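Which chain is which? They are A, B, C, D, E, F, G and H, in the order written, and residues in each are numbered from 1.
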Amino acid sequence: ERTGYPEVVFGQGKTASQVVEIFSHLMENHGRAMVTRATAEMSVLIKERFPDAVYDPVSRLLTCGESPRKYPGIVVVACAGTSDLPIAEEAAGTAVWMGCQVERIYDVGVAGIDRLLAYREKLQEARVIIVVAGMEGALASVVGGLVRRPVIAVPTSIGYGAHFSGLTPLLSMLSSCAAGVTVVNIDNGFGAGYAAAMIQQLVKEVAAK
Amino acid sequence: ERTGYPEVVFGQGKTASQVVEIFSHLMENHGRAMVTRATAEMSVLIKERFPDAVYDPVSRLLTCGESPRKYPGIVVVACAGTSDLPIAEEAAGTAVWMGCQVERIYDVGVAGIDRLLAYREKLQEARVIIVVAGMEGALASVVGGLVRRPVIAVPTSIGYGAHFSGLTPLLSMLSSCAAGVTVVNIDNGFGAGYAAAMIQQLVKEVAAK
Amino acid sequence: ERTGYPEVVFGQGKTASQVVEIFSHLMENHGRAMVTRATAEMSVLIKERFPDAVYDPVSRLLTCGESPRKYPGIVVVACAGTSDLPIAEEAAGTAVWMGCQVERIYDVGVAGIDRLLAYREKLQEARVIIVVAGMEGALASVVGGLVRRPVIAVPTSIGYGAHFSGLTPLLSMLSSCAAGVTVVNIDNGFGAGYAAAMIQQLVKEVAAK
Amino acid sequence: ERTGYPEVVFGQGKTASQVVEIFSHLMENHGRAMVTRATAEMSVLIKERFPDAVYDPVSRLLTCGESPRKYPGIVVVACAGTSDLPIAEEAAGTAVWMGCQVERIYDVGVAGIDRLLAYREKLQEARVIIVVAGMEGALASVVGGLVRRPVIAVPTSIGYGAHFSGLTPLLSMLSSCAAGVTVVNIDNGFGAGYAAAMIQQLVKEVAAK
Amino acid sequence: ERTGYPEVVFGQGKTASQVVEIFSHLMENHGRAMVTRATAEMSVLIKERFPDAVYDPVSRLLTCGESPRKYPGIVVVACAGTSDLPIAEEAAGTAVWMGCQVERIYDVGVAGIDRLLAYREKLQEARVIIVVAGMEGALASVVGGLVRRPVIAVPTSIGYGAHFSGLTPLLSMLSSCAAGVTVVNIDNGFGAGYAAAMIQQLVKEVAAK
Amino acid sequence: ERTGYPEVVFGQGKTASQVVEIFSHLMENHGRAMVTRATAEMSVLIKERFPDAVYDPVSRLLTCGESPRKYPGIVVVACAGTSDLPIAEEAAGTAVWMGCQVERIYDVGVAGIDRLLAYREKLQEARVIIVVAGMEGALASVVGGLVRRPVIAVPTSIGYGAHFSGLTPLLSMLSSCAAGVTVVNIDNGFGAGYAAAMIQQLVKEVAAK
Amino acid sequence: ERTGYPEVVFGQGKTASQVVEIFSHLMENHGRAMVTRATAEMSVLIKERFPDAVYDPVSRLLTCGESPRKYPGIVVVACAGTSDLPIAEEAAGTAVWMGCQVERIYDVGVAGIDRLLAYREKLQEARVIIVVAGMEGALASVVGGLVRRPVIAVPTSIGYGAHFSGLTPLLSMLSSCAAGVTVVNIDNGFGAGYAAAMIQQLVKEVAAK
Amino acid sequence: ERTGYPEVVFGQGKTASQVVEIFSHLMENHGRAMVTRATAEMSVLIKERFPDAVYDPVSRLLTCGESPRKYPGIVVVACAGTSDLPIAEEAAGTAVWMGCQVERIYDVGVAGIDRLLAYREKLQEARVIIVVAGMEGALASVVGGLVRRPVIAVPTSIGYGAHFSGLTPLLSMLSSCAAGVTVVNIDNGFGAGYAAAMIQQLVKEVAAK
């Protein structure tokens, strides 16, 4: 396993039976598996075969088995609230499945800056911070300015009009005035969780030497 | 004078002699005039005829005469620094020429949130706040969340790559999560200053009744 | 209450039960609440608990309680007709809920300029004018040229082809040849009503001093 | 001559000597010729050979010879002022060279609607109206709503920010709420003048039967 | 009646009962009416009240009454086939309802140039030619090059991928290498038919003098 | 040599001395070399060292040495005229340098369809046809419809307004109604010539077996 | 038959009965026919009349009859997996129907480069390679760099966020760093298969001489 | 120092004297400073005052002083060659200035996959990999698929046509099929170097505990 993890199945655009087949194949070879963008139908079929599988309808993650490795230190996932929640949970769930410990800060938006600043310490203690934001995506810049740790920004597609299905927070995060913020695709909570785990894996493997 | 002000000349794309002619015409009819996006060459020609004219190379405003009205209360113009300065000054200069008192807060960016919050009171005492921002334009949302007053956002064209000459902060300000922020065109400091003065004019005329 | 108003709930993308919960929370703390983009389902659930709640299916506003403040003077909401009506009503309903008196001018389009000009006086007597327009968004410029008061423009998403779901009137309003017009997001009637109320709140509080 | 006219040379992107050669060829075959987007350099070279050639630096039209046909009735070219002038003149000059009589209305913008309405009668007497407009391009809709004649709209590239070099008035004119307005490419004054002449040619040839 | 015609109702985005009301109002005042983008439901309701009303499900035009004027000479509507048919019929139906005589050439595409050229004479005898085209919109240029008459191009939204719902033929028609082609919005068959009738009205009224 | 050819140097964005170095390196290893987008300065420096090198200022190709292979059969390069010439010549020059025989048809545009049809036979006898077109790019569809051979379309960046520097013919060629037309990047004459040579190389190598 | 093949029916946007009629017409004249983007409904109706017709629900191709010509040598169709399969099959099925022999390589993605390289020889022996790819479209460049044969790239619309329904792999393939890759429209498997067959037809006809 | 580093000066759009002033201020407070996008003029002025300052004209970095911390382990910066070099050097120089050890792999492009694979081991031993790529940006996906470490992708603006000044590799990297690749703005070598250093700082500080 080149990356240290079995491949993750992208459920969207696949039929339930296609997913079941790939999932079974992964379970056989690796003893664990994860599907992103899974549907309830996929979850039913897979639980029939793998009763230990868990489906979370918010993040749409369907997982089975646990990471053999556990990374010390916290990965924070931060967002402003209700509408960004599914993507934030996709990021959090992915990171957890890969062995991270995740702390969620889900009620912080830049228009209520004091609520965000109440978490300043928690943010600064984290090893990696994932910022999930729709609207104008400003949260990434404010958080990026508060910490000395890697910040991974995930724009979300929830919004309307000049939001252009996430294009606006995407461009905004790429143009962030906070140095060192890196960005993943719109709604790609999975990618952010994965990148955070890659960093945590590096930290652990270096420390272990 | 329908709007309460003589028309303002848009200097860009006009020859210096075209501008001189329009300027002279306005001086005759109104006793005062303003050119935006004026060049040094225009300023030289106009000062020959109107020695009281003033040219500011930063804002590129060329003005002559003063507003007969003066509005009590403060209009704040806020921005993050060096590169947004010309547009911030265009906004400030326009508002002043129209009779406003302007206070400048020019060293605040969202990546250094504490510096911004140090001005919280000043922002809350203002009657109107103009926020000028390039990069990801996040300043408008943070300021909008701090105050109970009209906030006018001006995106600027300074940036590169995914900034697309100001498109990113424009879209970002339009998608602001702070309620009631209104937006003007990229680099349109003039429009923001003008809109602020329209509000101040309204306040004064109502109070005067 | 920093802004003078309880936070407004954005109903879109939330489940009915999420909205009921937030609504109840707001009623408890502020005695009044408003949801924008509310669905009929939300309205049924909320009226069960709060029989005084009112749902307007055109504007999709769901409100309960009244503004303790009432602002003298008129806010005009103008649009060209049938298709822009939901957004115009969102703007009007928001402004009313916040304490404004609203006058609607709903049958004016620039292709029938005489009908618009018949309202010239009404427009000039208003304190703030909200212009709601789809198609090419030209109404904002014509109205902006008629008055000496703040004009807030709202592009709407109704149209087809080169209209690009409101992008065209948005860009057009931002490029308006009438000075001082400010713009909110496509279909953001709420934002325009809110901004108008912020201006009226300023006027009242200054006059009260 | 299929269209009734010799082909017109598009000067932009050609070398002066390329243009001279094509021009000479046309003069030989048709006794007259026209270059659009001509440069001063081209004009000098061509006048050496064809002393009757005329170069207009505003429209950048370089013409020689006159239309053998003259069309009765007026083609109006309308625009808001200084910055749209070169394109308006390109339209006017093209129409004239093709045999039209042109009347110019060059000081009308929608933000000063009364000035435009002062020309209502002139506009209604015209056979074809060409509307040249930058900014938000609203003039086309207002004029289109005033007349019962073909209206050809020409967006111009002068503007900044959300104007996107003429994209905004282009989209706006295509989305015009006035029925029957047709549109040509950004800055294509030539195309508008040509289309107007095609209509006038049709009218004359039908009347002549 | 400024334009010589009663206003045409844009059916899209209106409820059936809204349309019935406007239709009835127009019938009362003008004795005839037309709805574009009408639905079958609208047609049923309107035929109940106005048994003479006619609904064409292809063009989605719902009409009642006839033009008191009839224009001699032919308006040709040309397109490449099946998928552009609804828009071609909207153009044709509009022109007919306004008093034009229309000839349809519906099986010509530029990839089969000989089929198009078989109609060369018919195209050259027409007074106005409306070209309806999706895909790459090339038909407008080829036809424009064949005739000495006004050509009105209508891009359609049928296509996929890089066609971008009609953006591609729209831009292509605006960039046409054939002089004097004018363009209307994507899928705006109505606008093209209307513009053709405006030209025919002009021709007739001039000839009548 | 995997592809059968030495790598071609892309001259744009390289300094003259960088190009000289790479060129010399290629000459040493392959006995021949080609630079695209070469400048006059590069040509001077290279001719000093390699007196047999040839620079063509129109195509901006700088070549030295000849293809050891020569492909029978004709590659046609077609375009409408003056402004597409540099790209057409880049395509032609590249194909020739790679061993093709090229025939140029440089005066055909779709607005003058008869001129194009005069070459029908020549087009049909070609093995591969490269169509270079700016404006609306319609030539690719018309030619594609005339032949039973591979057609490679090259959009060019020459145009203005809605042409968007070649985006319009690019999208138009991709949406071509003629089956089997393939497309290369805007202004990529090199790529088209290269692809044509790949086809000719295949034909020859198969025939040789 | 100019191209050597009967016209292919584009099923999308046509009614089943329209398709049946055209199909029957083609069968009568050519003894064989093909519909792309066919629906199950079309297949049922057509099989009633033509029991030999074959419908493939993955590629959505509906075919009847076989190519009288058969081309020696292999056309490879390569893609990364599940989601690009329908388009890959459209390409493969089209090529087969036109007489090509196709080999499918359907489990190669650039993120697992070794799996791709395992097919290096197969790719190099092919006469034409069709690369079908969504995501970032990188496969075209890697394959293009491995072979000395024509490579035709097909971007697909499967993806999300910054993928913009295939725009990203389209632009990416057009900007490929591998020389000579040509591109067809997003999801245009048909066009790629057709172009491959045109090349194979050329090879055969030349070899036959 | 919140982030562990003094703020870095963005030289672009600032006057040389503005930069000198900020630089001096940083030197006073931190004993070291860095300017990105510095000009030769800035370098001359700064070296006058700070003779130890170093200016690299390729990366345009102007630095003075060294990082007190040094991070063990390698950061690899990979790119395809000449045109991406300035941005690759900006990334490398930034990382070095912040205390990283950098190894450069500058001759790898995906069209020559074997050259890239020759570095497989070096890539897999790195702690963080920065991939700089213009054209279609495919390098990020291929490298991302080879390693189990954080990969930061930097699209560059060098290219033409459908490359749209870096938009294409930006979108392509965001849509990468390799999990966990994160992306920074077009040409933002600085941001990538900074993010890599943030990761290395984390690793060191954790290991130090």
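In the analysis below, a contact is a pair of C-beta atoms (placed from the backbone, for glycine too) under 8 Å apart; a residue touches a chain by one contact, two chains touch by 3 or more.
Just so you know, these numbers come straight off a predicted model, no measurement behind them.
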Repeated interface matching A-B, over half of the contact pairs identical, chosen among E-G, A-H or C-D: C-D
A-H or A-G, whichever has more C-beta pairs in contact: A-H
Rounded Å distance between chain B and chain G, as computed from the means of their C-alpha atoms: 57
Chain B and chain D, separation of their C-alpha mean positions in angstrom: 36
Where chain A and chain E are represented by their mean Cα positions, the distance between them in whole Å: 52
Of all residues in chain H, the ones touching two or more other chains: 145-146, 161-163, 167, 170, 174-175, 179, 185-186
Touching residues on chain E, where the partner in the complex is chain G: 82-83, 158, 160-163
Partner chain H, residues of chain F touching it in the complex: 10, 12-14, 18, 155, 157, 166-167, 170, 185-188
Chain B - residues contacting chain A, complex: 80, 109-113, 117, 135-138, 140-142, 144-146, 159, 161-164, 167-179
List of chain G residues in touch with chain F within their complex: 2-4, 8, 73, 127-128, 146-150, 152, 170, 174-175, 179-186, 190-192, 194-195, 197-199, 201-203, 206-207
